[in-house]
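Structures incoming, each one as structure tokens.
In the two assemblies presented below, chain A is common to both, partnered first by chain B and then by chain C.
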Partner chain A sequence: MSKVFQIALGILAAIGGFVDIGDLVFNVEAGATLGYQLLWVVVVGVVGIIVYSEMCGRVAAVSKRPVFDAIRERLGFGVGFGALVASQIVNLMTLAAEVGGVALALELLSGLPYRVLIVLGVAVLAVVIWVTPFEWIERIFGYGGLALLVFVVAAIKLHPDWGDVATGFVPHGTSSDKLVYAYFAVGLLGAAMTPYEVYFYSSGVVEEGWTPKDLGLNRTNAIIGYSLGGTLSLALMIGAAALFLPLGVEPQFIGTVALGAQVPLGTIGLLLALVGILFAVGGAAIDTCFSGAYNVAQFFGWEWGKGRRPSGAPRFTLAWMVLLFLALLVIMTGVDPVLVTEYAVIFSVVALPLTYIPILLVANDRAYMGQYVNGRLANALGLFYLVVILIVAVTAIPLMILTHQGQG
Partner chain B sequence: MSSARELDVGLGLLDHQLVDCKGRRCGNVDDLEVEGLRDGQPRVTAILVGPPVWKGRGWLGRLAAFIAPGGTVRVPWEEVERIDAAVHLRKTARELRLGRGDDRARRWVEWIPGS
Partner chain C sequence: MFARALLISVVLLVAAGCGGGGSVSQKDIQKQFEAIQSLAAEGALVAGGAADGRTTDVFVRVHTGYLDKAARKVEGRLSSAHASGAAERDRVRAARLASSVADQLARLGEDPGDHEAAHRIQRRLERDAALAEREAG
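What follows is the complex of A and B.
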């Protein structure tokens, strides 16, 4: 396979893999509640994940350290253990939400009972993880997730006022409830900068043995993959703003998200939307599951790796199995996946600084990074986003309580 | 180590990954045994691994040590071959009694077809 073709495939998978249940929920709710006003926040969030993802990938390729190695080395055992517990709680909540999303999409496609589909969905995910080589998992779910591009067509077909859309890319004062505005801004940043993505990505870089030679590919993946993935987020918000805001619909169900494609495009739109949601959310469930196993294995120094046979990394294998099982239990209680998603995203925002501060420190350490330390641009952006993350981390939970999760 | 390269043991050694002579990951540097602090010539004599060692790593460390089972393993400094991103050891994990948790957990996994 030619290199260009390989890169193209990787990028396609990244687009399909960018959107997870957090993006679906927050982008659609933000569009339905506040119209186009927060489009600029999606751009800020996407640039943020590009900056830190590139940094984590570079640190992993040059110093051979995945994120949780860096966290423990820099924060020490005590604080590092705190970061581990926090990130595992967030990972479990995210995983439970993704599993719920898989079951809801299957329910809408098949009409079978929700709880049966939760068990079936988890069983299929476990079997897929067990038998499928990892590159195929990435491709299957990445390409399946591309069906979400239907939301781009839908957003155009809904004939939004493009002048209004354009003003949404410029931050400006709002006449509506400022706290609700702030809550959704925080949620959108959290959904775009989800920490499990960088745990997963950096571990993959170490596992595949990337070296400084691959730094070009690392940068291309981060920039193109995430910005194209980000356009999907924008399309979801634009579509929701054009369709739901005038009707006063508050999308509290995954089915309502799919309506955004059904109304302008009919049954085929609905089907593509549901298939896209199923694959995007299913793929995210697998990534989240592995992230949790990576974190705990790296923190305690266990053998790890999705490329290894399961018996070659037994505690790592048991870790993802236990996480998947716990997520099944959580979602079987009947708790609403959309609600779990909102909590998962908001709590992940609180845990973000513990992930990104050590990475910024290691990326600046010449002893580890040699000539590949952060340049001025990476540091300026890294510090800017660190400030953003700290503000967002402090305000996230108060905003969630004050606005009753954006209900005003 | 024989070379005189300067190494900050706090940043460059503590909490790093241990890798045995076959490339197997087998724990982290949980703490260090240091001798000669009194005579002003401190030197690292061993790497300490295992939950009981975490007690010396803050209150969250004590909590983690309380939850986790297992004893302390002492790896004499002579067993260290070299240090890069990880600390590479001269012997196998089994010989050094490291990575026993993975050995025990293997039984739970290897009965499944395809493991």
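What follows is the complex of A and C.
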């Protein structure tokens, strides 16, 4: 396969795979509550995930060590174990939310009972994970998720005030409720920089056998893929601000997200939105499931990898099965997936420093990285984001409590 | 004596927390009006799509089911609570409005293919949303 084609495939998969249920919920809620005011936060979040994905991809390609290897070594067993437990709790919550999202999208498409669709969805995800090769999982769900581009067309068709949209890219905060503004800013950063993305990305780099020769591909995928994926987040927020804010609609359901495409584009817009949500959330469910299994296997030094046969990495295989089963149990209790998403995103913010500090440390270690050690720009951006991450990690839960999850 | 008073207080607090008929303030009622406005406005959007034939029957039926359930929850919360003074009158009005919105949504979900009925429901929900917005201040 030619390099250009490979890059194009990777980018397409990244666009479709960027948005998960956290992005869907937080971007639409933020747009409906605060209009265009927080568009700049999406940009900050997307640049952050680009910086750290590029860094952990580079670390993985050069040292052949994924993120959790670095976490255990750099933070020691005790703190590393704490990071493992925290990340697994967040992974499980996120996975449960994604599984619920898959069932809701299927329900809105088929009309079949929600609980039946939860079981069916989990069964299909398990079969896909078991039988489908890694690169095809990425492509199927990435390309399916491209249907979400309907939200870009919808946002344009809703005729937003482009002057106001442009103003939203500059931090200014005219909201009367500063705490609500801060809560959504923190949530949007958490949704964009969610830790499972870097666990999955770095493990994928090792699985696909990337070497320092592939660093250009790593950088291109991260920059272009996430930037274009971030465009979807912006479109979701702009559409919600143009349609829901003037009417006073407070989005609480996945169906409300789809309504953002149905109103301007009719039935075709609705179907594309629902199919896009199904693939994006389904792909994110698989990513999260793998991330959880990668983390535990890498931490305890088990054999791991989707590329191996299940008998070649039995504990890794068992780990993703257990995670999927636990997610099924959580969501079958009847808990609202949108509510679980909000908690998962906010709790993931708290776990961010434990994920990103070790990446920054290893990326600066010449013993591992040799000539591929962080440059000045990567370090400046890495440090800047570390400060941002620490601030949002400290404020996330107090803001969630004080604002009643953004309700004011 | 103190222990018994404490126990009664805890039981009352738990009952209030469970939505078992606690008292609501004017601010709480205002919040419920906002929730009613949101549900009615969203329901009107769904009904508009059904009236124009620009959506699917399955989507209308399933999504209005969720909106209806949410409106019933608001109604239940308001009906089982009590307020004092002028707030009591607002509480009753809000409960009635939530009930009306829930009824319209249920009707829409029962027959999503009836374009004329959907159009009527859209107008009614738009009116309810406007009324709730005024009450919410």
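Structure notes:
Everything below uses one rule, namely that the second predicted complex is superposed on the first by the 406 of 408 C-alpha atoms of A that agree within 3 Å, B and C clash if a C-alpha of one lies under 4 Å from a C-alpha of the other, contacts with A are read in each partner's own complex, and residues count from 1 in each chain.
One rule holds in what follows: a contact is a pair of C-beta atoms (placed from the backbone, for glycine too) under 8 Å apart; a residue touches a chain by one contact, two chains touch by 3 or more.
Since the structure is predicted, the reported quantities are computational estimates derived from the model, not experimental observations.
Following the overlay on chain A, a side-by-side fit with no clash is recorded for the pair chain B and chain C. When the shared chain is aligned, chain B comes close enough to touch A:Ala367, but chain C does not.
The larger set of touched chain A residues comes from B, when the choice is between chain B and chain C.
Looking at the shared chain after the overlay, A:Leu270 reaches chain C, while chain B stays out of its contact range. In the superposition on chain A, contact is made by A:Ser110 with chain C only, not with chain B.
Touch criterion not met for A:Gly187: it reaches neither chain B nor chain C.
In the superposed model, A:Leu247 lies in contact with chain C only, and not with chain B. After superposition on chain A, the vertex angle at the CA centre of chain A, spanning the CA centres of chain B and chain C, is 130 degrees to the nearest 10.
Legend: residue contacts after superposition of the two complexes on their common chain; A:Gly301 is shown touching chain B, with no touch to chain C.
Superposed on chain A, the gap between chain B and chain C at their nearest CA atoms measures out to 35 angstrom in whole units.
In the complex of the two chains, the chain C residues touching chain A come out as 31, 34-35, 37-38, 41-42, 45-46, 48-49, 52, 54-56, 58-59, 61-63, 66-67, 70, 129, 133.
Chain contact summary for the complex, chain B toward chain A: residues 11-12, 14-18, 24-28, 30, 49, 54, 57-61, 63-64, 84-86, 99, 101-102, 105-106, 108-110, 112, 114-115.
Listed in rising order, the residues of chain A touching chain B in the complex are 63-65, 69, 72-74, 76-82, 130-131, 298-304, 309-311, 313-315, 317-318, 367-368. On chain A, the positions that touch chain C within their shared complex are 107-111, 243-244, 247-250, 252-253, 255-256, 258-259, 262-263, 266-267, 270-271, 274, 407.
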